[in-house]
Each structure stands twice: as C-alpha cells, then as structure tokens.
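A, B, C and D label the chains in the order they appear, each numbered from 1.
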Amino acid sequence: MGYIAKISGEQVPVSVTGEDEYHRIKVGDKEFVVDAFWTQNDLISLIIDGRSFQVDIHSANDNYGVMIEGEHFEFELYDERKALLKSSAGLGTEGAQEITTSMPGKIVKVLVSEGDEVSEGDGLIIVEAMKMENEMKSPKTGVVKKIGVGEGDAVEAGSLLVIVE
Amino acid sequence: MFKKVLIANRGEIAVRLIRACRELEIPTVAIYSEADRNSLHVRCADEAYCVGPPPSAQSYLVIDKILEVAEKTGTDAIHPGYGFLAENPEFAKLCKDHNITFVGPSAEAIEMMGHKTVARKTMQNVGVPVVPGTETVDDDDVLASRAKEMSFPVMIKAVAGGGGKGMRIVREEKEIKEAIRAARSEAKSSFGDDTVYVEKYLEEPRHIEFQILADRHGNVIHLLERECSIQRRHQKVIEEAPSMALDDDLREKMGKAAVDAAKAARYWSAGTVEFLVDREKNYYFLEMNTRLQVEHPVTEMITGIDIAKEMFKIAAGEKLSISQEDVKMNGWAMECRIYAEDPFNNFLPSPGKILTLREPSGPGVRDDSGVFAGYEVPLHYDPMISKLCTWGGTRTESIQRMKRALGEYVIKGIKTTIPFHQRVMNNEKFLAGNIHTGFIEDECIMETSDDSEDLMNVALVAAALHLQRKSREGVGTAGPEKTGTDAWKMMGRRSRWVT
Amino acid sequence: MFKKVLIANRGEIAVRLIRACRELEIPTVAIYSEADRNSLHVRCADEAYCVGPPPSAQSYLVIDKILEVAEKTGTDAIHPGYGFLAENPEFAKLCKDHNITFVGPSAEAIEMMGHKTVARKTMQNVGVPVVPGTETVDDDDVLASRAKEMSFPVMIKAVAGGGGKGMRIVREEKEIKEAIRAARSEAKSSFGDDTVYVEKYLEEPRHIEFQILADRHGNVIHLLERECSIQRRHQKVIEEAPSMALDDDLREKMGKAAVDAAKAARYWSAGTVEFLVDREKNYYFLEMNTRLQVEHPVTEMITGIDIAKEMFKIAAGEKLSISQEDVKMNGWAMECRIYAEDPFNNFLPSPGKILTLREPSGPGVRDDSGVFAGYEVPLHYDPMISKLCTWGGTRTESIQRMKRALGEYVIKGIKTTIPFHQRVMNNEKFLAGNIHTGFIEDECIMETSDDSEDLMNVALVAAALHLQRKSREGVGTAGPEKTGTDAWKMMGRRSRWVT
Amino acid sequence: MGYIAKISGEQVPVSVTGEDEYHRIKVGDKEFVVDAFWTQNDLISLIIDGRSFQVDIHSANDNYGVMIEGEHFEFELYDERKALLKSSAGLGTEGAQEITTSMPGKIVKVLVSEGDEVSEGDGLIIVEAMKMENEMKSPKTGVVKKIGVGEGDAVEAGSLLVIVE
C-alpha cells in the first residue's frame, strides 16, 4: 500500500509491502525490513535490523500521535487516493489559520480586532480553562480575518476563536 | 489512633493519604464531586460520598456538607490534603467545634501563617530575615506606585496565595496594572480573597524550603531541605532533596531558622518553611505552608520518614518518636510533577480520557498517581495527575533513574509534561545544579530538540502498519473527513519532525 | 565502562538488568526464544535477536548462538542474570576466549562453588561450619543406605542444584528411592546433571544468607543478610532483610564467615553465601550462589546500593567504591515473589494471557516485573512474573506496606500467588518473626480463610450487573454451553465461598 | 432479571432491578442499593450504602472470577432460564469428578489403577509442566472410574486425566 505522510508541511511517501510479521516499508527512499508484533491495536513491538522499539500509537482521523522511547511524534498519514482528493480540493494549510480551543473555557480578554495586522507570536485572546489563564498566540504573521467570540463567552472544545490570514 | 478518617480532598493526594491510613489500618471516607465519581480516590477509599456538583466552590469547599458526611459516618478525624480547605482556619476551627480532629496545625497557626504579611512580621520578630516588601493595599493605583518606589522587578502576591496562583512578576512599569488585575482575579477565584501585596523580586534566587515536624507537646524538628527552584509560572514542577546549594553549615543555620519559625507560630503537625536563597547564599523567609506539601515524597525518600503517617500520629496526640539527631540524610531524591498539559503547546491543559497507562517501576522509583487507564481527566481541577519520584545514592543516580523512569512512563489519550521533564533531565545547567527560579524561562526548555530523525522514521513505519491494518479491517478510513479542530490540532507552534 | 551489553536471560531479571544499563547509559542487546517475541525484555532492550525455539535447551542455553549474537552486535560484555547459563563455568570461559567480559565471577570460582561437595570441603578448610552430609554417589541403593546411616530426616540435593530444583526432603525410609529418582530427574532436566548427594536435614532451620560484593583487586565486603526462610517446595517465596534472628554480634560473625568464604574461592562480582541457622543460633554453610540472586532487591533497599550496577562496575575492573564501614543498615525490606500459579489449586502453574495489569506504587513500593497487559505467560519457563518489594522504617511498616501493595495489585487473566502472600502477611507467627523453612507446610497457609461473606455478596452483585449488561448487548450467553474443563475449573480442593 | 449463583454446590438466587447508575440487587434475602460506574467492561466501581468497592471481573461462560480488595471469589452465575435447563439435564457435579489439567505437560507417573479405591487427597497422577512435577490429588473419596492417559504421554490443556466417582 502507498501512503503519504505530512510532517511540518512536507510530504513524505511511505509504502508497505510484505505480509505477516515481516514487512518491507519504504519511508522516502529508505527501506526498512520490519518484524512487527501487535500486543493490542495501539501497542506494537518493532524489531528493525535488530533494533527494538516499543511503539504506542494514537490515531484520530488522519492524525497520528506516536510515542517511542518517551519521545512523541505527530503527523498526518493517509493513503494515496485520499492524498489526491486532498490536493484537488486544495486543502492546504498555507493560507488562513484557524485558532481553536481544545477544551471548554471562558474568554477573558480579546486582544485584537478584525482587520488588525499581527506578527507570529503576538497575543490574540486570553482563555481561562482549568483555573489558568492562557494567552493564545498567532501562529503566523498576517491579518485578523475573523473573531468568533466575545469577552465573557463560555466556549466549548473546538470552538473557533480567531482566523489569521 | 483514629477510628475513621475522612479525606477532604481528591486526586493523587487523596490516594496518598488513603494509602497512609491503610498502612495504619484506619478506615477511610472519601468525598467526591459529581465530576469525580470515576476517580481513583473514590475506588481506593473504604467509603465514598458525593458532596456536590463539579465546581469546587459547590463541593470540595463546602464545609457544611463535608462535616455532615463526617458526622454521618462516625469519622473522628479529617485530613484536608493540600489546596481546597487545607489552609482554611475557619475549617480547622469548625472541625474542632464538631469534636473532629483536624489533621493539621491549629486554626490560629494557619491564620497567622496564611496571612503572608502577618507571617512576615512574625518572622522578623524572631530574627528570621525576610524579603523586602509592602503591606497589603486595596487600591490598585496606590499599590502600583508603592511597587514603583521599590524599583523593578517586583512580585505581586496574593496574601492568601499558594501553589503559584495569584502571583505575577513585573519587570516594567507599564505591566504593573495588568499584573495586579490578573493576580487579584486569580487569587479571587482560587482562594476567594483578592488581597495582594508587593515584594521585591530577587534575581535568579533559589527556592529552598525546610520540612518541619512538630508535635502538640512543643517538640519541633526539621527533616532537612528541599530545593524547588524549577518552576513554571511560579509553580514548582521539579523538586529535589537535598539541595546542592547548601553545605552542612548553611543547612544547620537555615534548619534552625525554620524550627524557630515554627516555634514562633506555636506550630504543630507537618509544615514547610520556605526561603529564597540569593547568589551570595543569603536566605530570606518567603512563607510558611501550614499543610502537607505536594513535594513531600522527596523528603520521605531521603529520610525514610513517612510524613503523612506522622501527621496522623501527631494529630492523635502522640509525641514525636524521632529527635533531630535521628534525622539522617540518605542519598538523593528527585520529583517530576506530571501534568495533563501539552508542553509543545504552551502547556495548555489537556483534559480527556486516559486510554493507556503504563507506570514506571523497578529500583528507586515511586509514582504517586491519581489516575488509571479508563479515567477521564476532568477539566474542573488542577491538571496534575501524578508525581514521579526517583531515589539514588547520588544526585547523578537519581537523575539517571528519572530519565529511565520517564522513558518507561506511557500515558496515552492526553498530553502530559513528560517530554518537558525529559528535556530538563538532559539540560547541562540542570545537571550541574546551576538552577534558579527563572531557569525554565531562561533555558527555553521546550525549544531544544533531540536530533532523532531515525525515531521519526520508526514512527512512520509503525503508523503505516497501523493504517494498513485499520483499512483491512475496514474501519475508520472510508468515512467522511471530520472538519475543524481535533485532538492533534497544532496551534501557535511549528510542527515537529522530531521532538 | 562497556560499549554494549548482552543480557543472556529473559523475564523480570532481563528487564532489571536492562534498567541498570539504561541508568549507566550502556546500550543493551536482548536475546529471545520464539516463545518470547512478545516479552517485556525484548521491548525494553535497544536491540533484540531470536536465538531459537521455545525450549531453553534450544535457545537460552545454546552458548554458540548467544556468542554469535554478541559478536555480530559488537557486544563487549554479557550478563547472564540468574538461572540458565549464570552458573555455567564453561560459558564464563568461552566468553573470555571470545574477548567478551562475563559479568560475574571467574569460571574457576563458579566451578568450585557450583559443585556443592567441593564447595563444602573448601569451606571446612577455612573453618566455616557446614551441614553434615555425604559425598556424591551414583548408585541409588548405595546413596539410600548412606542416607539411612545419617538417620532421617535427610535432604537429597543435586550438586548442580539451585532455585529449589533437584531437591527432596526424606523423612521415612520408604520414601527414599522415589525421592532420589525425582531429584535426579529434576536435576537432569534443569541442569543437565543428575548427580546428587545427601545432607542431614536440620529441623526448623532458618535460611539466612549474606550478600557479597568483591572486586577484581581482592576487596571483599558483605551487604548484610537476607532471611529467606519462607519457602515452598524448597524454593524461596518471601524474603526479607535484615533478619530478626541475628543480633549485631552474630551478624558480624556470620558476615565475616561469608567474606572468608568468598576469599577462599578467590571470588569477585556479586555473590551470596547461604547458611542454615538452627534454633540454638548455630550456623552452617549451605552453599554459595555465584550470581545475582532473585532476592537482591531487599538488600538494595536497606543499603541503598544498586547491586546490579555494581556488578557491571566490578566486571569493568573498577575498585569497590564502598568499604565495609560504609554499609549501613537502613530500615526493613520485604519481597513477595509473584508466580503465575494457582494457590488454591496446589500452586499449579497458570500460564495464559494477562488481560489487566495494575501494579501497586506509592511510598516504599518497588515492583520488578517482567510482564505487561496483553502479555501471554508462556509455559516453557519459570512461572515467576514479578517481585513485589516494600520498604519500611521497621519490619512492621514493611509488612503493612506489603499488605497495602498486595491489595492494590491487580493481575487478571491468570491466577497468581497474591492471595497466598496476603495470608502469610496476616499470619501471627510470621508477624512475630517465628519462621523457619518448613513454615508454609506447618501453617497450612492456604487453608486459613478470612470471614468475608460481605465481600462475597459484593462479588455477586458485581457479577449480576456484569451478566445483565452482557445479555443486553446480546453477547456470550446465547451460545452453546462449552463442555469439559475451563480456566476456572476447580480441582482437588473445596470450592470457596470466601477466600 | 433473575439469576442463580452456584457457590460450593449451594444455589443462591440473585435479582437485579432498577436502571442506570442506581440498581436494586437482591442476593438471597439481602437487598443492596448500588451505585455502579463502569470504567471498562470488566472494571466496576460500586458504592453500596457509602461503602466503596473496586471490582475486577473475569468471566468465561457461566464461570465468574471476581477480585475485590485483593480477595478472589469464584462461582457460577446464569439466568433462571438456563438454571432450569441445567437442572433438567442433571448437570450436577455431586457424582463423578473429572480431573483435568489446565496446561500442556507430560505424564510422569500414574499412581492408581482403574477400580482403585481412593481417599480425598490421595495422589492420582504426576504431571510435569513448566519444569515442575505436580501431583494431582483426588478431590473426593471414591473409586477410580477411568484413567485417560498413560505414563510418558504428552497432554494438552484440558485433557481428561482421571475420573473419580
């Protein structure tokens, strides 16, 4: 099977051949011969060229979180068919950036207005969650295109706060 | 000893106290909010009663309900843990009025030490040096101008503060107003009291504290020091015992000051006297915490004394069974507080369900955890989920063990601060012991990254196998694409090839 | 220090050694049989290589294959753990021939001490008392008559024995033939050598052993004693350090005898000198184990010395960094060996898949485990799955912690000896320290039962809810009744209302 | 729902009424009001009259293994319909007792012959498994009705070794 991994905006082709416990896997132009043992769906023991790895996997849609030896890695991974769909639909993330909150909370302060120019790292909005105030910063230099909330609003996980373009 | 003990707390400290009671063979009563029905402390206790809705102001802080449960269950002692009602003198007093032993100091001692400016005065009276600072001031403008007179940097502090909350450091005049507002607001929501004052902020100080044990018969000893200089947002995140900054001479002097401080407050129970130590090894009284502290395990590990159990014995009226001479320093202990926070995303809280949990063990490892696989970390409370401690014959060994243990620790489903601790444990300055309370900010810990492209490849290999298996089983990949945000959404930071 | 270490073992001890190497920052190579692909030691090591089919004679005991892996991987040291090749002098010699450091004593020392009757003679020569006994005898009838001359009870012992295998106690003449046969057969399959001899069996002796550390420069110290009197089928199941039977005087005398024994064998590395101590506190040399022992953690806990790491340092040629005076006894440690055995069914091995695993933690608890949730305990090897240790300031505290920890330990899917240990920890004689090697048999531990009808009701409540939920989901109850045996089959014992 | 629990040959009726988190459960003639929280299928937190229990359940067919506070309980549990079926099929275990092995092993020695009278606790057969020799003892006083294996045989898990009646 052919897959595309997307890491920091870069696309890396990954392909899997071989069956059962021995697999040949190409990442970019490197090939690995892999002995894989599944303990549970999300816990795998890999032995690659004698090197042993215990790997914990967490996946949600195309997003993968992988833990190995205490290190965490995150990337997107999908098959080639979907990669084609994605590129034709223009689902790149270079343009507008949505700032969302990953947990319920309260909007303490909105620091910018729509139309403001902001630099990467500028504070946009202060959210209180789990008793702490957290300042959401701009992921890029650009213009505040939309503000989705007002001061004092209670927000749910996943709420759109700001769009910077 | 007590017939039954109620633990007026939740999370890891409730579990810690239930363990102590189990070892003392005292039955325990847990209380829980509606958000905590599925908590570990509820499962571990012999009895458990719901005391209200999720917000702590409606449950863990409601004294009447807690005393009602205590009376209903025939409880004769209440341990408050830390936070919540631990330093509430009114609660200590009401326990006494209900003929229930409050496992902690007297209401008077809590009141005296809880009010930071009163505590400072008490210490000055017995000759313990304190950091220069103001009285409390209600008017923001007056407070701001007093701060200006002291010259920046200064620290805004809540008189009722603790655990790093209600504190703001101010380096420039233009920041002072917003800092006072934020400190007051945090103090109000955390302690129900927005009174603040201003202290001179020492540059690159170490935070060093002495653990005190005092009985109700006037015997006071200290269990050596802890160094808690590794802080983030003025909250301790890594602690160790002993401290590299003290030699035997300074240790004795500060230990004596700590004992004097406890005596001045007519203190009994376990308590902690906190000091700041500057580069010239001058020490200043900071505050006294009149409770069991989060970081007590490191002291237990180097002294062999179970502080939680000692608190119960002292509360029951027993005399201390150990004298100052019996306290021997044995090896080195390190503690990393594991939070449900995303260290790669500005330490934003990361509540959610723990899908997998594998705790480290083996030689020299202790994990005081409040969670289990299947547990949902609620968003209503402090996001600390466990305290990982290691012991070694030397500081180096304790750090090597910590690295090993952090590598073994697997928590899946939520983000944790484990990667943060791994970076600290590999930081040159930390290894050399060159630390101070601004260490984390100065070192930009999360911006360092190991060059582990190999491991990234392994991660891709594993994910590809996972995806292949998933598509064969025909689950999850064919459905419509979810839009919007999700658990792995990256925000305000560059993506990582490697971490 | 070494560039890379191969661990020629499996299970918990392989994990223990990998942890030691990780703390010393030495990369590790694991070996595994086909039955162990899914083992914890394979996952923990940096590298892992298969060395053959499940039977250990075709994998873990195949010296050539192991040396081949060592050479291929650039390994410069091999740690054998315990069992398997740990006390095989040929293996130690071959390692040397291949320029690989054997992390253990010299082949000569292993050979001398491994041959029980040679060891006995060596000890007699340096004035250490030994238990009366015979030479080795090949003919069963001659051996039987020699045993008769000594007067019963006697003990048949394999010269190559260890870990309780190849031993049989004989109390009456009529049992002697079958006992010799069984001892020889077990010795043959465990050690490949069926030579046995006979020793006088002491009545109600204590098994007390001294941990030795010796470097390659002639320095020998002991790390105090362990008491290992709680045995089942002559195999230690609970160990503690120190021993209640010794006072400082006897401790010093026996410690000196142990050091003398090690010196007589020109010993280096970690080792253990075992004694039997009778009711009159006479002590007799039993044997010397020329390896790291299962129960080494209790010594580590009371001395703070990491014996596994010391072995690597000694093997690398370092001098001992500690002298006898530096060895301080600190508190009390207890170890319970957790086996995959059914204590309610004559301790029959209980292999199978571990469905749930929740390990105890918190103050004073250490678990050296070789398993994880999802792991299938294979039936080819020793059924020990973990060693649960607790430390306390006193013996009482270490036992209270052990009770607490055993209560927290959940292993589902297989039967374990946890209920057995719980009974011992509540036994009056054990609590008083009145123990000897026949304690388990004398006390009929598994026949005691707590009067917990209440808990039985709770179990029924839970099961009823479970069954209701299951039938609603429409799974499992409608199918045809399975016939014959199953995992819960009870055999040879009465069913239990309560356990 | 009505169930029958079978413990040490004794039958105990168990019934469940009530929904969601609060259940009324009768065991024999005792009634319990139960607050149950399921973490996983086989891990439940129960609070009964304030008393808190963490319960781990393992079930295989009708056989239940339940762990509470480090104590283990074993019994059979089935619904009333099946109880009826069982009693009409006469599946009681009072009569013949089958001695089986729960793991693969080798028969080292057979200590009795068919027709022998044995007492409870007498040794019947020696099996080697996991490097240890284990003597299987008679669960009751009776007569050896059948011996299913011979010395030297390799046996699988579940093999019938002896029947004592």
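Annotations for the structure displayed:
Going forward, a contact is a pair of C-beta atoms (placed from the backbone, for glycine too) under 8 Å apart; a residue touches a chain by one contact, two chains touch by 3 or more.
As the structure is a prediction and not an experimental result, all values here were calculated from the model.
Note on connectivity: the fewest chain-to-chain touch steps from chain B to chain D number 1. Among the pairs C-D and A-C, the greater number of C-beta contacts is found at C-D.
As a whole-number value, the distance joining the C-alpha centres of chain A and chain B reads 31 Å. Averaging Cα coordinates per chain places chain A and chain C 48 Å apart.
Averaged C-alpha coordinates give centres for chain B and chain C that are 39 Å from one another. The multi-chain contact residues of chain C, meaning those touching 2 or more other chains, are 372, 407. Residue positions of chain D touching 2 or more other chains: 43.
Across the interface of their complex, chain B is touched by residues 35, 37, 39-40, 43, 45, 47, 50-52, 54 of chain D.
Chain C meets chain A in the complex at residues 29-30, 37-38, 42-49, 73, 372-375. Residues of chain D that touch chain C in their complex: 1, 3, 5, 7-10, 12, 14-16, 23, 25, 27, 30, 32, 34, 36, 38, 41-44, 46, 48, 53, 55-75, 77-79, 82, 98-100, 102-104, 108, 121, 129-139, 157-158, 160. In the complex of the two chains, the chain B residues touching chain C come out as 15-16, 19-20, 22-25, 297, 300, 304-306, 308, 330-331, 358-359, 361-369, 372, 393, 397, 400-401, 403-404, 407.
Taken together, the chain C residues at the contact with chain D in this complex read 165, 182, 185-186, 189-190, 233, 342, 344, 346, 348-351, 355-356, 379-383, 406-410, 412-413, 418-419, 422, 450, 452, 455-471, 476-477, 481-482, 484-499.
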